[in-house]
Structures are given as structure tokens and as C-alpha cells.
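Everything below concerns the one structure shown next.
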Amino acid sequence: MERSLTHVALFAALVAVLGLVPQISLAAGVPITAQSLGIMLCGTVLGARRGALAVLLFLALVAAGLPLLSGGRGGIGVFAGPSVGFLIGFPLAAFTAGWIVERTTLAPGLAAGAAAIIGGIGVLYAFGIPGMALVLQKSLGEASFIAMAFLPGDVLKAVLAGFVTQAIARMRPGALLSRA
Amino acid sequence: MSGIRLQDAGHGVAGKVILSGLDLHLTEARIGIVGRNGSGKTTLLRLIAGLVAPTTGTVRLDGIDPFHDRKGTLARLGILFQNPDHQILFPTVEEELAFGLRQQGQAQAQALEAARAALQAEGRGHWAGAAVATLSGGQRHWLCLQAVLMMRPATILLDEPFAGLDLPTIARMIRRLAALPQRLITISHEPAAVAGADRVIWLEAGRVAADGPPAEVLPAFTAEMARIGGTDADADLAG
Amino acid sequence: MLTLTSPVETPLHRLPAAAKLAALAVFTVVLFRLSSPAGLALALAVVVALHLPWGARFAAHAGRMMRPLWPFVAVVALWHLWVSDPRGGAVVVLRMAAAVAAANLVTMTTRLSDMLAVFEWLATPLARLIPPRRLALAFALMIRFIPQLSDRLRQIADAFRARSPRRPGWRVLVPATLAALDDADHAAEALRARGGTE
């Protein structure tokens, strides 16, 4: 019981911290934040239920007024802006990614990479793009066009999520709750 | 049935034995447990505190099972972790202090009131709303011990209480601990930390190597540590 | 920890958080009902007017919180000028700006603890799924561990730089995730040592 609660809280904190550190440049010269990578890791490491709860906890504290979204954004205002669909998609992305890692028998790294692409990109964009279309009053096609700017970075993050999950499976097998 | 009684107690993780065949009855006011790194000291502490269950034998604290009877254990025993950052759970000082009382059934407002009163009594009233992240290492140690004391246990387990502290902080800590009416069980690899105890237990490879007054146990322990340190055979891997 | 609540005390700070949130919900629904630029401009003017009496520092803080919106405003404005539909562009921009600014105003005038108390209250119907005390504990634990994990991440990056001429980049991710897992185990033990989650 205690472990479940503290893992949820610590991964919510991890998502926050990964959004706060600007110095993580994932690839040469591309200063993208690792926050959405944190969302993917919640799912692939903690599993569906705990991963989604961690992301919900993170969003609750963002809404409550902590500037924890990448770029120092926070407050209720971010839920009224064009990114609202992505924020709603975050917990579902983590849940999907976790569910896939739990249900497949692939090597953890491969499963996590695939899960991060399906959950962290597929499911996330399925909510993010309509949200953006709604707030900006654009068609889905037009909103998708804007979202495509983030796609290369997100694919890179999904691959990294696979590597990180694989490394944890190797170094601390018992800690990979999605496979426990 | 008062005191702490271990009967043939042992603990292992994934088939690897860490502690085995411990028969101890601990009743003295000041007890020291010494041993080198990996001798099982911390596991023994966690076993007594009920943080892990024995894999063999039994552990009893005033007759109760510390692993299963958490409520009874909390009323009797507190544990001070070696690293304050592993112990502190809350963002502010007053919440950290109030938590234990809340766990013992007090209402939140009442627990916070008691926390503030305790800070006031220690001349640290202005700490109440402070963020724990802003406290120094010594101040965090103070907070952790105070959080344990708030729960009024009769026994306090101390895991390397002086590790990593500077000399003035150690002096303050020794003074504060000496004044406590509680039974203190201190584990350390440092003979000096337990020299003032009533009884010292030397653990070696998960078993009791010696048990008695410090004047008997500590010289033998120090000599053995010096002998081991004199050899260069530290290349062996455990397990 | 740094919050978005304004240190400039306004009378709005003293209103109950739940009332402000309810008013915000109503206001946002109204915004989506309005479709004329004039009506939306009026709504935005009301929100702006609520910001002004509290001094320049407060207004500047509010302005900074609106900054992430500008790229979207620019994209929408350019697009609607391109398709010669300035009216449609004005509706989208005014509505978005008013909705975000009003929400930010609630955030700026409500303390974190008050907001969390409302969330805990809102979650009471879910008490069987999420016991209120566990929720409160989860909020506290997360706030407690953000500075610690943040320090840890810095230490990891320093340790990397101490022995490598390259920037650590993504290489900090594995040790950072392991640090979170370890901290979670330590916190679970500390929690159990003081009575667990019951």
C-alpha cells in the first residue's frame, strides 16, 4: 500500500522535474523538454493504473497553481488554452503505454518503446489535436499540421523511453512495476 | 514480556541470508549494535522496527509482533533513519511533525497545534511553516528526531545517528540523546558511538559475534577491525 | 516552493476558492456561448478590469502568465488574415484570451493549500476509490520531493560533467528515474515506520 502511494507521488514529481530542467537537450542542439518523456515513463515503468494516477496527481498540482508544466506554465489557465487536449491526453497516454507493457511479453525495452509510440504519441495526439482544433476553431487537418512540428521530438522521446525502461529492467528488475 | 525479544530470528532476501539464528532479549536503557558494513546491522534494526518480517523465527516487542501490529508498535517504538532525506515526507516542518500524531489518531488541527507548541518549546517557533528543503543537514537531523519524539515512543532505534554530521552537530546530538528518558538502540560501525552504552552487541555476517558490556566487546571489535583492515583481501564479491 | 499565487494581496485573495472556481466555470461557459466579437471583447475587458486595480506588479505577473499564448494568437491571426476572415479570427483570439486570463486570475488570487483543499473536497464522492487522506498525503509527498529530485538531477549532471567533456543530455534519465524509484522505496519505508497509510 505504502509503496504504491509513494511511487505515484515520486513519479508525479519526476514528471515535474523533467519539465523544469531546461538543460536536458535530448539531441544535439534541440532543446526539447523531457516532460512528455516523463509521462511515457510513468506508464512504462509503473504500469497502467499507477502511471495514470501519477500523471493525474501531477496535473492536479499544475491546476492548483504550481508552474510545473514545461516552460514554467501552470494554473487553471493552461486548461483553457490550446494545449488542453494534450493535458487531458496525458493520463490516458500513460495508461495506454502501461497497459501495453503489462500485456505484452516482448523484451521490456521493445515493449516500452512501442507502448510509448502508441500511448505517448497515438493516444496523446488523438486528444491533443481535437482539443487544439476546438480552442483555435480550426479543422482537424489544420490542427494536425501544427501538431506535426512536435512529432520528430516525440518519436525520439518514445525511443528513449524504451531505452530507459530497458535499463531499469536490467539494473533493477524488481522496480519495473509494469512487469511485476 | 517487556523489552525486545528475538527467538531464532533471521532474515533473507531472494534466498540470500542476511541475518540468522538471532536469540536476543533487549531490556537495557542504552544498547549499541556494532558491526562492519554488510554485517546485517540495518536489517536487524528494520526487523525490530517491524519494517520487514522475519523469514525465520520470531520478533516480539513487549509481547507484540512489530510487523503485523503496526498500531501497537508505533505507540512503543520510533526509528531514526540514517539519511534524513529518506525519512522526511512532508514539504513543511509543521506538517512533518504533525504527521505522526495524525497517524496516532489526533485531528489535523490538534496535531498541527501540538507541532507548533513543540517547536515553540524548543525555541524554533519560526520553523513551523518553513520548507524542509531549506533546512541544513544538521537541522534536518533535528527535525527527524523531533518527529519521532512527538509520537512518544518508549524505545528509539538510531541508525548511524552521527554519520555525515559536523562536530558541533554531533556534540549537540549526543547531548540531546543523553537527556532522553527513552530506551535507545544505536547501530554504528564506529565503536566510539556506543562506548557509553549499557550493552553492546557485535554482529558479524548476520550473527552475534559478541554480546556484553562495552568494556568487553569494543576492544575485541576494534582489534578485529584493525586486523581485517590490515589485510588487502577486499576484492571478494558478496554472494 | 514557487507557486503562481501573486504575493500582491488583493481582496480577491479573501474570496473562498470554491466560489472563484464556480464563477470561473460559469464565465467560461458564457464565453463559449458568445459568438460576436463585440460581446467577447466586452468579456475580455471585464477580465482585464479585474486585474488593474491591484497595481503594476500584479498586472505584469498576469502578463507574464499570458506569454505562452502569443504564438497561438499569432498563428490564428495570420491564418485568418490570409483567408480574409478577420471577424472569425477575432472571435477565436478574444475568447481564448479571456478564458485563459480569467483562469489565471483565479490561480493568482488563490493559495495553493486552498486550491488543494477544494480538490480534496471535490474528490470526496470518490472516497471509496481515493481515500481523502491518501490524496492529501500524495499532494504533500509530491511537493516534498520536487526540490529533492531536482537537486538529485543536478548532482547527476555534475557527476557526469566532472568526468566528461560532453553535456549529459538524455544520459541523466536512467539515474534520475532510478533516483525516483529509490526515493519512493525509502519514503514507503518511512511512511510505514510512522503508521502507514491507514
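A, B and C label the chains in the order they appear, each numbered from 1.
Here is the rule we use: a residue touches a chain if its C-beta (ideal position, glycine included) is under 8 Å from a C-beta of that chain, and two chains touch if they have at least 3 such contacts.
Since we're looking at a predicted model, the values are computed, not measured.
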Considering only which chains touch which, how would you classify the arrangement: line, ring, star, complete or other? line
Highest contact-pair count belongs to which two chains? A-C
From the mean C-alpha coordinate of chain A to that of chain B, what's the distance rounded to whole Å? 39
Quick one: report the Å distance separating chain A from chain C, using the average Cα coordinate of each chain. 17
Touching two or more other chains - residues of chain B: none
Could you list which residues of chain C touch at least two other chains? 1, 137, 141, 143, 183, 187, 189, 191-192, 196
Using the touch definition from the top, list the residues of chain C that touch chain B in their complex. 1, 137, 140-141, 143-144, 147-148, 183, 186-187, 189-196, 198
Please name which positions on chain A make contact with chain C in the complex. 1-3, 5-14, 16-18, 20-21, 23-27, 34, 37, 41, 45, 57-58, 60-61, 63-68, 71, 73-82, 135-138, 142, 146, 160, 163-164, 167-168, 171-172, 175
Across the complex, what residues on chain B touch chain C? 46, 49, 51, 70-71, 74, 78-79, 81, 83, 85-91, 95, 99-100, 103-104, 131-133, 147, 151
Can you list the chain C residues touching chain A in their complex? 1-5, 21, 24, 28, 65, 68-69, 72, 75-76, 79, 88, 91-92, 96, 99-104, 106-108, 110-112, 115-116, 119, 134, 137-139, 141-143, 145-146, 149-150, 153, 157, 167-170, 172-174, 176-178, 180-181, 183-185, 187-189, 191-192, 196-197
